[in-house]
Each structure stands twice: as structure tokens, then as C-alpha cells.
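What follows is a set of structures for review.
Below, chain A partners chain B and then partners chain C, in two separate complexes.
And then the complex of A and B:
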């Protein structure tokens, strides 16, 4: 029951490689997740009922399912259908890393969709109307006014989901991708030292997660630098307690919007 | 083809149901333990004694920082691979010689308890913070003993305030039980994988497993909103402003 420093140092290169895989995986999922979430949030608030329902079903299904089932779903399911074929889909689904990216992105994007939706709905109606009255193109109203504000409103909740995702990637070794946890397990199976590799990996995770937390908090503070300190705190508290679950808009804003 | 599908599903139904039972057992016991750990931490953090408070807060910060930043899977593996050695060493301290093997279920239970305990402590402590100070002062002014004040005055209000957060934790405990399949626990997700491999029908079994999680958590969410109404019965309901009006 000891921490073997020599082994920890010896296994650093292996663990570093695992860490890079973890970071690369999380980064790919974040990008793909955002590419899915913004259109999905728009679909979710669409006036066309079937589109809104389809998006709601997407969120319900992929949010309620454990990430591991989704990994199996993509890797064994689509892998079996397309994996043996030639061409783009065959190459895509026979690669475990890409399957992991898709599986986690389905899960992660369903969370982010709700954040983006909550953020978009929190943008004061009057601001959007003022923009329209000034003759700004609808596309520019969205890209330059609603979306930037939505990002600012949702950043705190997004930070939680980025951290959640990064930690969730630790199961990825189940579909043969060797990430940080997988690398630590490999060292364990070589040495049968139950503490050293896992604790070393835990330190890596601790540093990574706290770097993300500090980085995104800084970004949040920078984006909200024009607000007074207590207003900033109120916004954070409101988002944290309401969890963006049903709808973000607080009383008056919601009333005005409906 | 649909007949074949149905046949496969029925053939494995018993297996899957058995797995679902293990999943629910682990989720329920893990949640109860995590909640106990969370409430204990939250109450310990309220202590008035300055020295005790400094110690409790210091230990809590380290505990929370570690277990909120390290993946649950890693904690699970630590207990699964190292738990036996750890328990053996602890027994050695008191002079017992013991050889303990930690089962996947126990390792999973320990990991869920310790990780989700940190999150539920945050939720409960936040709820305690949001109970108006006047409630504490009124209880004191009425001469209610501290122990009774906590039990009859403060905690019922804490339950009401903490409920939404605790429901979120329940849903994530339920989903996190699937992680224990990595340590070899033969629960629902592991069994659906076996069934999918044997029948070459991955979509059927993975969708069935996914639907179990979705339906089960929806049912518990329904129950919790009923509980929420019950806990809210003492408070005047503000008119639901802006909600679908």
C-alpha cells in the first residue's frame, strides 16, 4: 500500500499519451457538439411543431441515456452495419476514436442544446425588436445580437457540461480507445500496483479539470466585465439554481416574451 | 424479420430484467448512501465551534476538490483494484489479518457514494444557506432546542429547497451505475452488450437498454414532482408568472 514514485515517473510517457488522447477526444466532441447544438436549439424553439418535437425527442433520448450505451450503439451498432464496407462510412465507423467522438457528441450536444435554448430565450425581447427596427438583417440579429448574448448567459452552465464531458470520457476504453484512464489501467495490468498508476492519472485529471474550470471562469468574468460584481453573482446564482432545466427566463422577461 | 427480432428480445428478456434489477439495486443503495454522506457533510459544515469549523471546512474542500475533479470511473477502479489492499492494511493496524476481495458491486457502491456524496453535500448546504435567517432566530426566540429546531423547523424547509438538485443527482446516479460494467458487474448495460453480440442485433438491445433508463428516470421525475407539491404545501404559491401564459 505505497505510492511507488519510480514507477510513477517511469509510466509518465504512457500516461501523457493517454492524457493527449483524452484532451483530443474532449476537444473533438466539444466542436461537434456545438455544431449539433445550435441548429438543434433553433429547431427546439421552431414554430413548426414537428421540427420542435423531433428536437425535443432528440434531447430526451440522448440526455437520458448513459454515455456508455451510446458508445456501444455507435461502435457495435453502426460499426457492424458500415464497418466492413469501403468508403467514407466504413472508414468512419471502423475507427474506435471517431466512434467515441460521435457517441459522446450525441450525449453532450443534448445537454448543450438546452443551454443554448435557455440562453437564446433569455435575450430580452426588446433588444431583438430594437435590432429589427433599426433594419438589421435577421441573420445579423441572430449572429451578432442573440447568439453572443446567449453564449454569455449560458457560459456558466456550459462550463459544468464541459467538465462533465471531460470526466465522462474516462469510460472510452470500453470501445478500445486508450485514454488516460485506459493507460493507467494498462500500467496496472503490467505491474499489479493498484495505487500508483491510478493516483498519478487522478492528479492529471485534477489538473486538467481545474485548468478548464479556471479558464472558462476567466472567460466568463471577461465577457461580463461590464456588469457590477453583484449583478454578475446574481446571474451565476440564477443559472446555477434554475439549472436551466425548464426555461431560463425569469418572471418579467418570460412574461414579456410570451 | 420482425418475428426474429421479437424472438431474440423475448429470449433475452429474463437476462435483461435481471440486469435491470441489479442496476436499480445499485442506484437506490448508492443514492441513499450518497444522500446520507451529503447531509452529514452539510450538517457538519454548520458547526459553530470555530476550531471544529476550520477543520471541517478544510477537509471538505480537499474532499470536494478531489472527487468533483476526478472521473467516477477512476475512483471505481481505485476501490476495485486497491480496495482489498486498503481494507487489509486497515485491519492490519488493529492487528487483524484479513484478505478481502472487493466485489464490483461494492466497489461501485463505494465510488458512487463518495463521488455523488460530494455533489449532494453541495446541494444540501446550498439549501440550508437559502433558508431565511429569521427561521433560525424565530426557533431560538421560541425556546426550541437546537436539535429540535433542526429536525422540525429547518430540515423540512431544506428538503423543499434541495429537492430539484437532489432529483438531478438521482438521475445521474442512475446513469452512472453503467460505469460499474467496466469493473465486470453484470448489470443491464453489460447484459445488453452480451445479448447484442450473441444475436448480432445491436440496435435492438441497446435501444431497449436506453429506453429502460429514459422511462425509469421519467417515472421517478413524475413521482418527484408529486413529492415537490407535497413539500411545497406550506408555502403560498406565487402565480406561475410567464410559464406558458
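And then the complex of A and C:
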């Protein structure tokens, strides 16, 4: 078993196409997941018991179900369960990519719901009371204090879930979506060389995962600048208060003003 | 049980009227039949052993706690479950907490601008001018662009005072504002509170700073087991306490 460089180069366009499908799939799931998770986390902590129980049941069910089975169920089962062979729902459930987004989002959002809930519950009570005592309305207290802090508390756990999700999308070819793994497999079937395309795909995954990791770490550092070491924090404060313009010598600044 | 009270005729209008207030936490009764009228411009210090209901009482004034019986009327607005009434009261009443409770992800300036921007819908420029004015008033204007974690406890607490003042409240509540400060930082916070008192602010302070109480308070109230046991002008309160429990309390803390 040897690595065939010529084959690797030759299969780059196919793999690149697969990579784009993987990225598009993960991105759609992340957006849909966030849209589900924040309301679901609020429902989970609701004072109204039936709402809290319904959200808890959602998390219990979808967190305990393998993504692969959800994919099968959404792609092959939903159409029959809901009798949706025609019309809008029929079109929706016969599109493998959309089914994959829904299947993964159900699974992923159940994890993220718990991250958001944990983050919201970690916000010190005193901060919420201080905001309320200032006469800020509950909706604004949530949007300006609770949620921004919860995001900061939950970001590291969320980073793990984003990475796990991105890699978990590799099973999506079982419902006919040709993602990065699917593309690599196709090359394998054509050439009988399993090693070269799969190793090349692995490198693609590695680069993608680390790009995500670096991106989220930067986001984390930017959001948590108030906790940073003094030097970096001072720079951030300066940028925030004086704008991004580089410090120019006085003469140049004067000319620019004229 | 009758409250030992040394009533002084006070012609000023009533800012906070508390009548027959009871409050339970589960089966524990935190407040028992509290009656207290606070007049406009008056400074009241509430003291008492921990667990006596001091904090609960002032938290009922801005509805951080819901009272179970009786009435609380603040500047003519009666507190009920009405969200509108609660917001209206909170916009009249500023509060400073033992733990400062500055928003850690916002700068000092942003901490002070948040409520005026959201609750009073002020423009950015107006809110900033307002914030800078009150930050200057509590002597921390030069820290405006820093984050709370970069300030000392005393500075943070002064920012908390400024943040509350930015809503231009007519009444200020202080819930043990110096209890989590190092001794050398207590003074700077008390000085700011005394300046505020000198400007005529209506103030209700839960504190163990008896020197502050003597200098500033019009009346002092002593609470124990959810009741106001004794309430009197500062001088008789300290020099001629009438109830044995207050005498015992003062003997313990004035050493």
C-alpha cells in the first residue's frame, strides 16, 4: 500500500467538491442548531412545567439517538410517516441534503441546548438583579447581559461540539449525499486504491477542523478580552475607543485631517 | 410586639411607604409586619444581625423580592405583579449591592450607559455625557474605558453608585455596600455616599458602618428576626437605646 501522489492530485477537484458539501452541511446544521437551541434552552429553564418537560423530552430523545439512525429516519421514514410524498414536504424529504441538515440539526441542537442552558444558569444572579434594578426590561436583560455572558461561558464546550459535528457529517453518504468522505470513497471505487483518497480526505478534514478551532479560539479571545492579560486588553480597549486606525505620527494625522 | 419608636414630626412628602409587610421564604418568615415611612430627602440606616431581614426589606422596595402581604408604595406607585409598575418603580429607585455586580463584559462607561440607553432611550452621545458626569462625580472618570476586573473593589463600588445615578433616581438603596471591601477602601465609598447624602438624595442603607450612620442618618432602624425592633433618630438610637436587644447588639459591634 503506497500513497499515489499522481492520483491524489488528480482527485483534488472531486475531493474539493466534497469538502464544499461538508462545509455547507456543517454550516447549515450549526445555524439551524443555534436557532433551535436558544429557544429550547429557554424552554428547558421555563417556569411553566409543561414547556420545560417538553424541552427536556426533546433533549433526552435526540441526545440519546445516534445521528446515523436519525438520518435514516428523516430520509426514509418522514415521507411515509407524514404521508408527505407530494408538495412542499415531499420535495423537502426527497432532498437528501436537506434531510441530512434536519437529521444532524436534531442531534446537534440537543447537545447545544444543554450548553446554552448551562451557560445561562452560570450567569451570576446578582448581575441579572443589578440589571433588573436599573429598570432594564427582562427582554433586554436577556439580550444584553444573560445571553452574551452565557455565550462566553459556553463557547469552549460549543467548540468541541462544532468539531464533533463536522467530523460526524462523514456518515452522510449513507443517505446519498456526496460529501468529502463520499467523494473519497467514489475515488476508491473507481481506482481500487483505498489508501490515497482516504488519506487525502483525512488531510482535508484536519485542515478544516483546525481552521474552525483557530477561528473559534480567536472569537473566544475577542469576546473575553475583559479577562485577558493587561497588555492585550489595553490594546483592545484602545482599538475600541479610538478605532482601528493605526497610530500615525502627528504630522501625518494633521495632513490627513486637512 | 410594639415597635419602640421615637417619632419625629417630618413634614416632607413620603417617598417610600411600607405598611404591614410580611414575607416568607417557604416556611421561614423573613419579614413580620413591617411598617416604615421614608420621607423625601431622608437618610435611613438599617442595621441588625445577619438573617434579620434587612436586605429582604430593601429588596422589597424595588421588587427584587415580592412581598407576600401588606403594601409597598414608592413615589406614589404601588408595587404589585404589574410589570409596568415594577419597571416604573425601578426607574425611580437606584440600588447598590454588596458584590458590586458590574457587568464584566462591558467597560465602565458601557456599564453606566446601558440602562439610560435601553430604559430611557437616550442617544449614545447623551448617555455618554451622562455617564461621564456621574463617573466624575464618584471620582472614577479616568477609568471609563477599563473593564471592571481592572479596578479595585472601592473603585468598582463607586462605579456601581455612578451606574445607579445615571438613571437619575430619586431614591437610592444600599445593601451593605462596604461589606466586601478591604478596610482601606471602605472610606472612599462612604465618602461618595456622604456626598450624595449632602446633595439631598433619599437614601435607605443597610450597613454596619456605625460611624457613617451617626454622621449621615436621620433615623436608624434596628431589625431582628424579621421585625423592626427599634427606630429612632441617630443620636438617641446610639446613646439611649431602649430595647435590650438593640443595647446588646450595639454593645457587641461598638467595641
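Rule of thumb we're sticking to: the second predicted complex is superposed on the first by the 221 of 258 C-alpha atoms of A that agree within 3 Å, B and C clash if a C-alpha of one lies under 4 Å from a C-alpha of the other, contacts with A are read in each partner's own complex, and residues count from 1 in each chain.
The criterion applied here is as follows: a contact is a pair of C-beta atoms (placed from the backbone, for glycine too) under 8 Å apart; a residue touches a chain by one contact, two chains touch by 3 or more.
As the structure is a computational prediction, the values presented were derived from the model and not from experiment.
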item	value
Chain B versus chain C as contact partner of A:133, first or second or both or neither	second
Contacts of A:3 with chain B and chain C, given as first, second, both or neither	neither
Partner chain in contact with A:170 - chain B first, chain C second, else both or neither	first
Partner chain(s) touched by A:66 [first = chain B, second = chain C, both, neither]	first
Partner, of chain C and chain B, that touches more residues belonging to chain A	B
Contacts of A:53 with chain B and chain C, given as first, second, both or neither	neither
Footprint overlap on chain A, where chain B in one structure and chain C in the other make contact	241
Chain B - residues contacting chain A, complex	65-66, 68-74, 77-78, 81-82, 85-86, 89, 126, 164-165, 168, 171, 175-176, 178-179, 181-182, 189, 192-193, 196-197, 200, 202-203, 206-207, 209-210, 213-214, 217-218, 241-245
Contact footprint of chain B on chain A as seen in their complex	1, 60-61, 64-70, 72-73, 76-77, 80, 167-171, 173-174, 181, 184-185, 188, 194-195, 198-199, 201-202, 205-206, 209-210, 241, 243, 245-247, 249-255, 257-258
In the complex with chain C, residue positions of chain A that touch it	124, 126-127, 129-137, 140, 144-145, 148-149, 152, 223, 225-227, 230, 233, 237, 240-241
Parts of chain C lying in touch with chain A, wherever the complex brings them together	62, 64, 87, 90-91, 93-95, 97, 99, 101-107, 114-115, 118-119, 145-150, 160, 163-164, 167
